[in-house]
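As structure tokens, here come the structures.
There are two complexes below, and they share chain A, which is joined by chain B in the first and by chain C in the second.
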Partner chain A sequence: MGLGLLASRAMRPIKSSNFRMCARYIVTKPELQSPESAAAEAPAQPDLPPRTPVGGARIHFPNPEDAIEVFVDGYPVKIPKGFTVLQACEVAGVDIPRFCYHSRLSIAGNCRMCLVEVEKSPKPVASCAMPALPGMKIKTDTPVAKKAREGVMEFLLMNHPLDCPICDQGGECDLQDQSMAFGSDRGRFTEMKRSVVDKNLGPLVKTVMTRCIQCTRCVRFATEVAGVQDLGMLGRGSGEEIGTYVEKLMTSELSGNVIDICPVGALTSKPFAFKARNWELKGTESIDVTDAVGSNIRIDSRGPEVLRITPRLNEDINEEWISDKTRFCYDGLKRQRLNDPMIRGADGRFKAMSWRDALAVVAEVAHQVKPEEIVGIAGKLSDAESMMALKDFLNKMGSNNVWCEGNGMQTSADLRSGYIMNTSISGLEKADLFLLVGTQPRVEATMVNARIRKTVRATNAKVGYIGPETDFNYDHQHLGTGPNTLVEIAEGRHAFSSAISNAKNPVIIVGAGLFERDDKDAIFSAVETIAKNGNVIRPDWNGLNVLLLNAAQAAALDLGLVPESSNCLESAKFVYLMGADDVNLDKVPNDAFVVYQGHHGDSGVYRANVILPAAAFSEKEGTYENTEGCSQQTLPAVPTVGDARDDWKIIRALSEVAGMRLPYDTVGAIRSRIRMVAPNLLHMDEREPATFGPSLKPKCTQKMSSTPFSSAIENFYMTDAITRASKIMAQCSAMLLKK
Partner chain B sequence: MAFAARAVKVPPNSASLEEARCRVFDFFRTACRSIPSIIDIYNLDEVVTKSQLRSTIASEIRKNAHITNPKVIDMLLFKGTEELNNILEHAKQRHHMIGQYVVGREGLVHDRDPKDEGISSFLKNFYNSNYF
Partner chain C sequence: MLARVAAQRLHEIRQAFRLSPQASRSFSTALNYHLDSPDNNPDLPWEFSDANKEKVREILSHYPSNYKQSAVIPLLDLAQQQHGGWLPVSAMNAVAKVIEVAPIRVYEVATFYSMFNRTKVGKYHLLVCGTTPCMIRGSREIEDALLKHLGVKRNEVTKDGLFSIGEMECMGCCVNAPMITVADYSNGSEGYTYNYYEDVTPKRVVEIVEMLRRGEKLPPGTQNPNRIRGGPEGGNTTLLSEPKPPPCRDLDAS
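Presenting the complex of A and B:
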């Protein structure tokens, strides 16, 4: 809410002299009683300066003849039919104060803060709930509207505690901002303020329920977006309070978003409590890497410390929500960090050493083994630049056994449509049928799941699911657990196959967990048969999707990080792990030399012979491609820890020490190298659709096994090195996961 | 005292580069002549020889060899004279002398490997810090 705008409007001189009196009496006058008299004295102004919509809002007319014209403060605006008065005001560039209204939630209309005056209506109307009618004359800064808002504010502040100095919302509080514009300078209430018992909503959300103003945004968010019916409104009148009725934790993977939508300090972040004030923080616009969605985030830091992560608006990816893992993983950036190059001594303990010596040791060992015994594995958090450098370095050494963990050993990177989400995340909203094959979007990609839920709620889309028993927060049909069901649908023996053919915009989502299966090609060819029979891929609609698991996967396949031989790890003598912690290192022979380059002392370190400390995603500039093929960039928010270096710089330096110098010295140079391999990675914030469909694929002769699909993610809260090091994520998995 | 008198006197500007050049040589000679007393004042005879100090002075002067503006040379000369006076006045302590003129700017820890000779500037910067 633009505080300056509100304040300037509130301070505008008022013609009536009653308001100029030193003592502020609460008075009523004829023009306050009847809106007509106020309207009559203001003649229509012909030359009004053009206004810009609030927040650069754009309107989309689905049907041009449905446009209606209304007048906001005498300024005519064209809006589509069905807009509310509040939306019309926003298009006209007038920011209406509000508490309960939120553009992504249903309309409650219970805070009454958005009252405006409408000509010919006897009372001020709540603009958020009133549909705009053609020719409506809306007045937003008349004495009546101002008086009405002042009244509402006085009632809200009646029971709101005066604890702004100890409130975490202080500085970014809607109530604080609006009371500067509409609040009275003194109270008229002498009674005690109401107090409400705090609720325990789990390890993430701190509640101070006395501060609650009953806007019910959190209740509507929980039921509509998160899909948990836990929160509700209890009691009546002054006894009204938000709660769960029976003591219950909020077990949703989106629960952190209630912190953002709460207009006051009733729901705040528990890990962030009393850590910082929002004006001390430096915000860095970055990208989340804990899953493959690439949610847009802002990293708030103070000095060298990341203090919180909040969402950024991106309509195509995460709207304005982020998952709890994204929001609260940041304390993992402070624990278990690697800060010095280290080498394992004869006694099995690590000893710190200089970069010069560490690189010399690694280069020497790399030259002693045969080229085909060199293996490189990129981790799930790697950026495109470092993966490019790793592949170039290993190729120069003569080895082509380089891949990204999670992609499996036989994944083909030939057809881009075979590993990205072709429908795009926002495109899922057009679908009317979903078939989820071996994927549990709720834990694998929370924001994609939120999109599916939005679609299911809006259009009653049908959801079919093949895979192990799992939780969904929308209606679904559990079709089966394994490939057998898939074959039945492909051969048309299943009832769901006719549903696919009847659907207008069917969507099939295949989980990337299937990449690890040996019969992956057979499963994908079965899925492609279903897509062909159900007319899922048309010129105007591509409904065949792969939902990836990790931030690095799409870029790795775009850059061609595919191993040459599938059992190279068993015969490896030199293994270069670039942040790879989830590969099965038991297969590595005992005499192999393992280099671990990464930022956390996670499972990869236990087997490593040399550790090279690298920067985490919050400390480097890196390109990531999300599951729908949209390249985005992280920016450094905090400095690196200790003697750590950026990933690509380490590999560039190592290549020189090893005498195989890579030809790039700057990020710009490495990006021009990427341009030669995968130019789409340089088209920032732009989704690059795949050019060719799966019809070009050769026929698959593989035999499908009947092993049921397994779940790709065991613990939603701990999937990578950062989240495994996080204390908050450990608390969440202990308290919130269903046992 | 002689050095005090020298310190007060500010010579007029050099009229030409040639004159400035002569003054530099004069200054170098003065500095070299005061080396024995410097070694005496600061007990430097166990850490450094006269010829080493002479070459340090020469290299400090050669650092500015590229300067052709006589005014700038005069200014640098003035600074050098001042520094020399401070040293002769015992305004410094022994560790200042050792730190600045015996060990040098690189410090005691010689992190230079003979193998580092042919490395690129990228690698040199990489060994120093992550930010370059």
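Presenting the complex of A and C:
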């Protein structure tokens, strides 16, 4: 008798008389036949206190009819179809121990730590890989489940070295915590432990492979999220190990995240090695400023020193990853710092002086020049408060030549939709086609690139790219290198234009590197034509985006930091650089007086006459708006260096010395001034969408040049004053960048 | 009190048994990472031969075009036969290129299976079964005899390049344990053979090695002249007559 026949007989609810032919009856219980009826028959639930899901997680029901009910320790929970047993337990507020399971990676099911007992199942089941079925009765605190966990723990600890006292993961180690909670207090293993050769993964990730428990989280992360297929599981049985087989560094811009997802101390931070224990650190929830994404970070500091930076969860921006630049730039905060006001003497050398004298010198020079000869440039790391103060101060002096570097000289801040990411970063996941114009998201905004990759992987979205040859970690079509291709698409002569019109949710991302081009308006009007033809902007979908490069850009444009004349720098006599290091100062006349206010002795200092030391992002409270228009705040984690002050305070003091007192004395007061100019900057952690689309824009008459687009960022690891001062970033650019 | 004495005694017994001659644990597979050497590094060119390219196409035709990676094991096997019994890293890269996956995915497979040799082997690669039944029947002695006779270590090639010895997991001939396998790469992938020699003794394996050296053909299978294949020594002892049919109840009776 075939198996299929047996099964079909077993399924048959009525027992016919000729069924007796079979020597053995197959008994079927009604509740096995229809789990729904069993659930309905379940006795009335006892009064259980309501439970909250683990981590305050919210459950999203894509389809309300698909909700099923399961019982976790007798407590009924409603979950959407397709949830695993582990997710059901989390909804019920039961935290299941796990090593290999990670909510953002595929399910491996190889650590076996998440074993739970399920009624009518002969063995404990691995809850992370088991789909929850209607009426399932899951038991997480029975002797069977406890014994299973203890057994798994004992197996895991068999080959795990007992070197917690010298392990950097100590104190934040999943294995340590879970063996305390679920393990036995003694082991029975008396044989030799195995040892594994350490791998060299580059200057960021330290490996102690003997500690590895083969959860394969790092392999899955590298393959699925980072998109570099370098890591793999080699060998088998007790000889199994994680490695690259051939000697290879991990050349991903997201490699630092494997440190966070490693549940043991096998992958730890190389720069942070043996520096501190995690319980000694003070965590400050802050914002990253090295790119325009505004990743949410936690700055861990001890005393006056920033010791490491780790990501914070923000589903809308960075999920739970951050780029290597964000994570490891912190040692730049300790080098090349400006700690005293200084003035350049006749011999060309800087001399330290007091704040009072320095401000007096600056104020005097500022009054000697004509108002239109005054120019102010905000740097790429400036916060909104200081940019507001700078603009107010310069306006009071009679000049309106103030802008933020990276925004170019012919910026228009009139339409907010023209410079922010209108789709929003999390909205990119709904897209089914991307057109990247002059932007290399992998180096310009790593977290946006991770989102695009996630979308491409999930929905096979098409990606078209116009720009210079560059690296992508997903499938893409290289359409062309310059504006000519753009015009072809706009005029419908290119094959990709029909792809855009056929797409349901097309997304166009324009790089902010184009802001510096002279034919910027013409390029933008071509992009808008494509958007119009492709129906990219609809009431329910806005797919026209600008991807900014710097943390300060969006807020600067919101505050109206736009230069009055585009060639003011050539005639400038008094230049105020507020942390601006990437402005081309060759055009500034030799007799111009340059004030550099900033925290690092970077390129801006070479031309400066006076240096005013300011606080870095880790030392001040400042508002930053990211590329999608979400305002967020940094908080001071460490004290400022030397005599440095907050940027806005310096300008406020200078205005008083110059006799043009700005009317604010506190952060609160300057924020109420910001509220008058750009109220959206004060809606913290909220994305403010742009109101008007590009349809209001006047018709563009500019000629487009055919020069190909250039890449906006040469070296991913060194883009601003902090990262250029960082030794780790220098190592990365030496070892990891492709030559 | 009694329990403590008993526990102590048990511990002593355990300690006595723990002193095994092997100081370190041995693994059946070789190193799990690659070390560059003149005859094995990623810069060496490697390609399937023209005859094998035809075979590659044939192998790939067994799988749907979007699941090319399923062909990894047959292709690695083909590459190994072509390269004289072992897989240099450039051969694995070539396979990765054919099936359009990242090289690491191929390395993962090649390191998993002990049948893929990632270091040079001899023309005759002798694999001694090391699994429990063979071990009980003396596979350790057989390996020692081979190693001593050829004067090499495990996974090392003799100076003349003819022989190398490795260990293998159970090959399913436990009834004729102990056994060795001879993978013969002397005739390339066309004349490749893979033969089992069962019921071997330390003396017999040395004879086999010498016969192979002389190029003599010897029939595979049991080396015990008194046995026929898996049958018992000296002829059958059971099932001497036609077996009786199993008892069955009377189907006509109602």
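Throughout what follows, the second predicted complex is superposed on the first by the 694 of 739 C-alpha atoms of A that agree within 3 Å, B and C clash if a C-alpha of one lies under 4 Å from a C-alpha of the other, contacts with A are read in each partner's own complex, and residues count from 1 in each chain.
The rule we apply is simple: contacts are C-beta pairs under 8 Å (C-beta built on N, C-alpha and C of every residue); 3 or more make two chains touch, one makes a residue touch a chain.
It should be emphasised that the depicted structure is a prediction, and the values quoted were computed from it without experimental measurement.
With chain A as the common reference for superposition, the partners chain B and chain C occupy compatible, non-clashing space. Applying the stated contact rule after C-alpha superposition, one finds that A:356 touches chain B and leaves chain C untouched.
Counting residues of chain A touched by each partner, chain B versus chain C, the larger count belongs to C. When the two structures are aligned on the shared chain, A:649 is found in touch with chain B, with no touch to chain C.
Judged by the touch definition given at the top, the superposed model places A:197 against chain C, while chain B stays out of reach. In the superposition on chain A, A:665 makes contact with chain B only, not with chain C.
In the superposition on chain A, A:62 makes contact with neither chain B nor chain C.
Judged by the touch definition given at the top, the superposed model places A:244 against chain C, while chain B stays out of reach.
Using the contact criterion defined above for the overlaid structures, shared-chain residue A:234 touches chain C, although it does not reach chain B.
Superposing the two structures on chain A brings chain B to within 54 Å of chain C, judged by their nearest Cα atoms. If you check the complex, the residues on chain A that touch chain B are 354-356, 615, 639-640, 644-646, 649, 652-653, 656-657, 661, 665. Chain B meets chain A in the complex at residues 111, 113, 116, 119-120, 122-123, 126-127, 130-131. Within the complex formed with chain C, the residues of chain A that make contact are 190-192, 194, 197, 199, 229-241, 243-247. Those residues of chain C that touch chain A in the complex are listed here as 14, 18, 23-25, 27-29, 32-34, 36, 42, 89, 101-105, 107-108, 111-112.
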